[in-house]
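Every chain is named by a letter (A, B, C, D, E, F and G) in the order it is written, and numbering of its residues begins at 1.
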Amino acid sequence: MELTKPLDALNISKGQSVLVEFKTGVQYQGRLETFDIHLNLVIDDAQELVEGNVKRKLGRMLIRGDQVKFILPFQK
Amino acid sequence: MELTKPLDALNISKGQSVLVEFKTGVQYQGRLETFDIHLNLVIDDAQELVEGNVKRKLGRMLIRGDQVKFILPFQK
Amino acid sequence: MELTKPLDALNISKGQSVLVEFKTGVQYQGRLETFDIHLNLVIDDAQELVEGNVKRKLGRMLIRGDQVKFILPFQK
Amino acid sequence: MELTKPLDALNISKGQSVLVEFKTGVQYQGRLETFDIHLNLVIDDAQELVEGNVKRKLGRMLIRGDQVKFILPFQK
Amino acid sequence: MELTKPLDALNISKGQSVLVEFKTGVQYQGRLETFDIHLNLVIDDAQELVEGNVKRKLGRMLIRGDQVKFILPFQK
Amino acid sequence: MELTKPLDALNISKGQSVLVEFKTGVQYQGRLETFDIHLNLVIDDAQELVEGNVKRKLGRMLIRGDQVKFILPFQK
Amino acid sequence: MELTKPLDALNISKGQSVLVEFKTGVQYQGRLETFDIHLNLVIDDAQELVEGNVKRKLGRMLIRGDQVKFILPFQK
């Protein structure tokens, strides 16, 4: 699917698994529920990954957008 | 409950226990009273947790939104 | 008293003692005179606390809001 | 091609390979899909480069604009 | 005098000595000439204080507001 | 030529060589193509200079304005 | 001359020597050509001073306002 703006990558990922890497390098993987233009995100069944290993299971999680380094959206 | 935007996760958490992790890694757990779009929050019966251990009991607490890394809202 | 937005916690604290923790961890305790939406604050009879010990008595003090980590308002 | 504003350098790079250097010094190379005025970017077939060596293959990737130090756009 | 907003503490300090503590901990003391809503300040006969000792005499000085940690205004 | 605002220094530098020093101290020298009010810049035939020595040749380069410490524009 | 707002201190300094101290502590001295509300500045015949010693002569220089800690304007 062709994207016309960056947040389209999140629109097509709703209900799908995404991976969010924070500025600290820690990653959070979960099913994307919703997001806004600040990149605030809610993901569900979230897992915290440190160097690829699951450290914590966090359930539903509201992420503050300014923490985000990049997001790997749904891979079409 | 389906969320249509990230702050809905806080709307459904009013009066419920939430866990707020700061950018420093320190956590604050308490009953959510109110919040705004900057993620400024008031929680009550707040406890400060350092590596999972209660360090301070803080009562009612107004958190500046820019300190927030993520929030674990009410787990539906 | 029920709060409808975070700054209500400061409204009900005017003339009362509040404790302000800075991002550095240093705390300032004093009687809240006034505040604005940036969390700029004026407190009076301010004391600086480092690890709970009084370090300086500062009288009236204007705090820049972006320094604030959290505020313990009047405990109803 | 003459550019009349900085983001024109990205407009002419759509569908082309670009290299994005982050403030950390880490680089991401991929085919530019879309961008916005904050320099939020989506690149595809992204590779992470650390000191010039491929470290991770990331597929489609949404980059938060505030992480960007500079971008090497399509070299006309 | 009762204050109705934080910057009133500066209004009543014009022409009076104020002490400005920077985020670095360094202090500047001088006679307040003028200020704006960003807490940009001009003080005159400014002295730089490091741990309470005068390090430099700086004359008239324009301070960028984002450097300010707190200000001790005129003590009524 | 007299300047009436800071960005005039860039207007008169279009097509000329400029030197951009980043907050990190690293410098980029190239021919200025275009800029905007955020100090986002595109320079061409860019060279990266570390302590005055050429480290990388980067071709056309889009610089994010918030990285800039200062710019040495065209020296009239 | 009485100032009614902080930037008046720069208005009366046009064509005069000013000293700009950066957040890093490095200083730049030169003749003020122009400025804007962000404290972006152009100074001419600029010299970089490290601990009071001239390190570099930079000619005309455009300074990004967010680098500024304070400015010593024209001393009336």
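Observations on the model:
The definition used in the following text is that contacts are C-beta pairs under 8 Å (C-beta built on N, C-alpha and C of every residue); 3 or more make two chains touch, one makes a residue touch a chain.
This is a predicted model, so every value here is computed, not measured.
Taking the definition of touch as given, a chain qualifies here only if it contacts chain B and chain G alike; none does.
Taking shared numbers over all numbers used, the chain B to chain C interface scores under half, which places it in the different class.
Distance between chain centres (mean CA atoms), chain E to chain F: 35 Å.
Inter-chain centre distance (chain A to chain B, centres taken as mean C-alpha positions): 19 Å. Separation between the centroids of chain B and chain F, computed from CA atoms only, is 44 Å.
Residue positions of chain D with contacts to 2 or more other chains are 66. Chain contact topology: the protein chains form a single closed ring, every chain touching exactly two others. With chain D taken as the origin and chain F fixing the direction of travel, the chains line up round the ring as D, F, G, E, C, B, A. Those residues of chain B that touch chain C in the complex are listed here as 22, 28, 33-36, 40-42, 58-64, 66-67.
The residues of chain E lying in touch with chain C in their complex are 2-10, 23, 39, 65-66, 68-73, 75-76.
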